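Below you will find the structure I want to go over with you.
Chain nomenclature is as follows: A, B, C and D, assigned in order of appearance, with residue numbering initiated at 1 for each chain independently.
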């Protein structure tokens, strides 16, 4: 492995996403033949003991407790931003100015204005960048993209997506602080819209193109929760659930829904696309299946194909095991790192870039505006 | 059977629904122990040869070619309206005035005004009445109602329903006339909203209560089709697809969608309800299954229960075969006739009554208004 | 309907199968255009009150309490045998001698010797005959036959079938008498072998040809049960479960299993066939689906097709409703009557004939012999 | 990580299993808190270039081309045997004599005699040992074990398992040599029996106890294939398919089948267990689901529970991600290494040990004997 170029990673934030990214960096060269090799150079967190324990576990060479230090360090090539949403912009803009390659967790920003500033910063600095909308790289989802690009669906009539969870139904669950910042509007910006729908929107934009207009509704079912940072019961500022109608530029109709109050679903991200010639369905709880209906099939055997996406000719699968054997959630991050490193060697950013993620941000903003004003909103073009 | 009271049926219209109803009348006494026995006294249609062939096939004692004759006949007890939507009101109001018991196909009317007149007529006349929203009486759907009424779901957060078909995707399909009046706005009033969403709304009102406000969008994908009645290519006036967001009076959020452009789905009516304690899912393509998630289950075995609704303690099932053996679509009509005859003996109308169906009409009207005006609409209380 | 030829039915036995057959006779002409029309002329049972109630319910014109009377009556054209297995031979042979058309419940006989005598009798008398192996006429199963006959599977490697129930697990369940004669070896001959595996074998012979050799095991899990006819606890003589390996004449391997002790399955009849080019799966609990895997599919969309067998070009389906709408268990009997009446008009018997059913009997006998002697047995050719 | 005890691994063989094991060693400490840390000290293979490339890819410190060298090296603590089956015994016995800890791929040996010698060797040497029957450690399979051990199923009536593949249907596929030794009887000993059924048997013995007697059949569908080692078309000596009936010591009946000729199935390992109180089903193609039917459920909601085994209280899952997010095939090996290292620290071997695997070998031998002699065989007690 000595001949590979090291890419020194500085990871900022070491929560759940810090784990998924660290795992991806450590594994990618075992399975993908790449010019670059990520090196776990530094991890940063505010709690010295916590960040040190994380570094020990994953093998980071050093720790920092101030993210500015990471950016100042000459031995860091790439900054990976895994902190709460309200810190993305400041860190990313500083990293761009310092000429660092940037991998940023989603959603890109708190809002479109912030996001635009981030895009401006990376484009001005000319640094490679990507945003961790990891679900594009589930092999079955990548296969969907391929089938659509080959024109197999024809004219698209419908796109629908859901992201259903059930982990915040209990009113005893507090908001804020480590592990629960996603319930704190100040840190997260929004609730399910930025956390879950943003994934659905990213995939939809990738698979089905521009969204023009939206009509949304949101709800906060539990109005008050104890706040971990203040110790007091405080109003809940996030959306517990959000659903919206939309129209795509290609003339198709969209329906999106997300909630953390769908009893029985842990992380049920699903989408379905209906085209004139064929339809596609996918479901994160059975992530290796792509359901495909082909109207061209002989009528006696026409029905949804349940494609178990594990053969070697399927996206990413020749790098793993043998047909029939599954990979899991974590591999989507490995795939994104693999693509990122290959793109880096080729001198380009990896989709979804900051600019791609800005379009998702624009849709999210329009959705939240629509819900607030109870009317259709046009998505701001970016 | 001699001791059973005859109920002389006059069937108006002999298309697809004429068949489903005739079958129900002929079979109900073989399986249900009832005071009344339907007699196929007369069937009415404008084409003498067509209606005679239908009468011969099903064993109707006589035929008429003018529906007014059916209503005038003293030997007709109950009028069953299976004609296109634009004729329901006139026939039903006349039948009510003539003191006939009325069974009317759905949707009740072309709009709320017409529907209100129909309700006024039957209530003034004091005649028993029902509307054929047959899906309530799929055993699994009736079971859902029972589970909800027992309080097993707790506070409801979400209701979502779809009715997806794919039979009008071809632009070669004409509109209008026998078998295709559902594509002709003059005869049908609306497209999928009155034909398919009306079913979803009827079930939702039954299971989840009042809908207060809606935001909808509709689309007509094929803008012109040959019209069978004029022989000319004419604009298509119906909605090919319709989706809407709504808020229920119980605080839950609703999402509804219907289309005839969902390649791969023939008659996929599905609904899902998420409650604090439990969730329910159902699907017409596997109509004997009710999926039930019970949060109270021991965590090691907690998961969606796939309930095969065939045991003798399930709604309607003791009247049929043995556990494990399925019934089908047509049986929903038999169940409605069975309930109707039992209610008749008890001196009451059978839900959904005209008044129940008027509420569905109000939601449909609000949905179409919302789509036209591109804004949230309040459902008119009825 | 006056122009149709009446076929006067004499039904012997009025249990569960008496109901399914009566329903089929009453409904067939509503849905199928046939030269013959079954007339419910007489039903026979030993309990005068019971048989009269059945006749009243279903509209039989007369009742008999001795089956010999039915056979003697000149106004009976066809004898339908729905009695316990130990009476089939005597009734059928007498009916054949009297020149009656015969429809006999499965299994044909108590054993091969008896069955051979029945075949000899009908063939000597030249009377039309059929045996009610109804599952052949589930539309999805008929479709499987069609696909195989078209050569779509290629060389067959494997055939496997199961019929799993769970209704006799309680040791409190008695044996013998009305409704429970299937647990009484004297009346039933065998347990699951004749009751359930016989269905699996009939389908397998139809779809995959001759079975040459078998190795079986049986088990009686509950050794003693109260006997309803004697009132005493008596040994259980039937097989509660039976499984066997076999070799088909076409070189494929077979695996069959049946039990009434599979907790969670009410009537789970499944089969799967693996061919060189394609495979097929079917499941009675979702009876409208045929799963089809076609190796010729483009590799990116290759997967099991879930064919919802409801379109008009599917076997029997043009006679029922519209695409997407399901029929059920009872319709298999309607289909068999429809085919029987069409064949009768054409002067031939309807498969499975007595002779076809004799082959199934030979396999059942070999299976029971193999289990008893704990060795491979050759199926006696018939 | 400095404080962890190193365990120096010597991997012999670097094919598919070499990859799965190497990955497990590299990842285990990132996710499990263990006293030991595996070190990739040496990998051994006969092709110097091939083994060096493997070492470079995975980070092995050194290579060997003679397995005896690995065993002689003082810096190797544990020998991992990933070579073809015909070499397991010699290597394992030598490793035991050298006092090495041993991890051996399955099946243990070519036959019972060889296997017994291996067991004697490790037991005499007192070295920790385990055999890579990895499917025990799919979280859903471990959950099945837990539910059974808690007595949730009650008396067991039935156990059935299948392992279906379709990768050898083409007659153009050669036998023998790298990647294809599993088709070469000299290297593999048997075909699907040792390769696939051995997994089914291991799980069955673990979940359901001793198998007493078997009746089997095998088939070789393609009788001759080109041999890669000789270049000539030679008879195929392995079983392409094998099925067997068996009786367990607990009175339940077993049915097992495996084949590489089941078109449509890549690696479909399934099992189902029917108990008096509950039943369990599992399927490797959807490996995170455990289907559980609980007869104690209230009858209105009684049905198979589809348990998505991802919550933190499920076996192994607290070490991975969050509820709803899946792991894959490769993690079974990580789990086995984690358990192995924990057991090593506690001074014991990890099940399945060589002795456990010997019982599986005894069943495999009885199965092959039964197929050859076409009669029931008693499994030799070990």
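Heads up, the rule we're going with is that a residue touches a chain if its C-beta (ideal position, glycine included) is under 8 Å from a C-beta of that chain, and two chains touch if they have at least 3 such contacts.
Here is each chain with its UniProt name: A, B, C, D = Oxidoreductase.
Given the structure is predicted, the values throughout are model-derived calculations rather than measurements.
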item: Neighbouring chains common to subunit B (Oxidoreductase) and subunit D (Oxidoreductase), by label; value: A, C
item: Taking each chain's C-alpha mean as its centre, the one farthest from subunit D (Oxidoreductase); value: B
item: Inter-centroid spacing, subunit B (Oxidoreductase) versus subunit A (Oxidoreductase) (mean Cα positions, whole Å); value: 42
item: Averaged-CA centre spacing for the pair subunit D (Oxidoreductase) and subunit A (Oxidoreductase), given as whole angstrom; value: 36
item: Set of subunit C (Oxidoreductase) residues in contact with two or more other chains; value: 265, 304, 308, 311
item: Residue numbers on subunit A (Oxidoreductase) that touch subunit D (Oxidoreductase), as the complex places them; value: 1, 16, 19-20, 22-23, 26-27, 29-30, 56-59, 165, 167, 265-268, 284-288, 308, 310-311, 320-331
item: Subunit C (Oxidoreductase) - residues contacting subunit A (Oxidoreductase), complex; value: 143, 146-147, 152, 289-290, 292, 294, 297, 299-308, 311, 313-314
item: Residues of subunit D (Oxidoreductase) touching subunit C (Oxidoreductase) in the complex; value: 157-158, 160, 164, 166, 169, 215-217, 219, 221, 241, 243-245, 247, 251, 253, 255, 257, 259, 261-265, 274-279, 293, 295, 304, 374-376
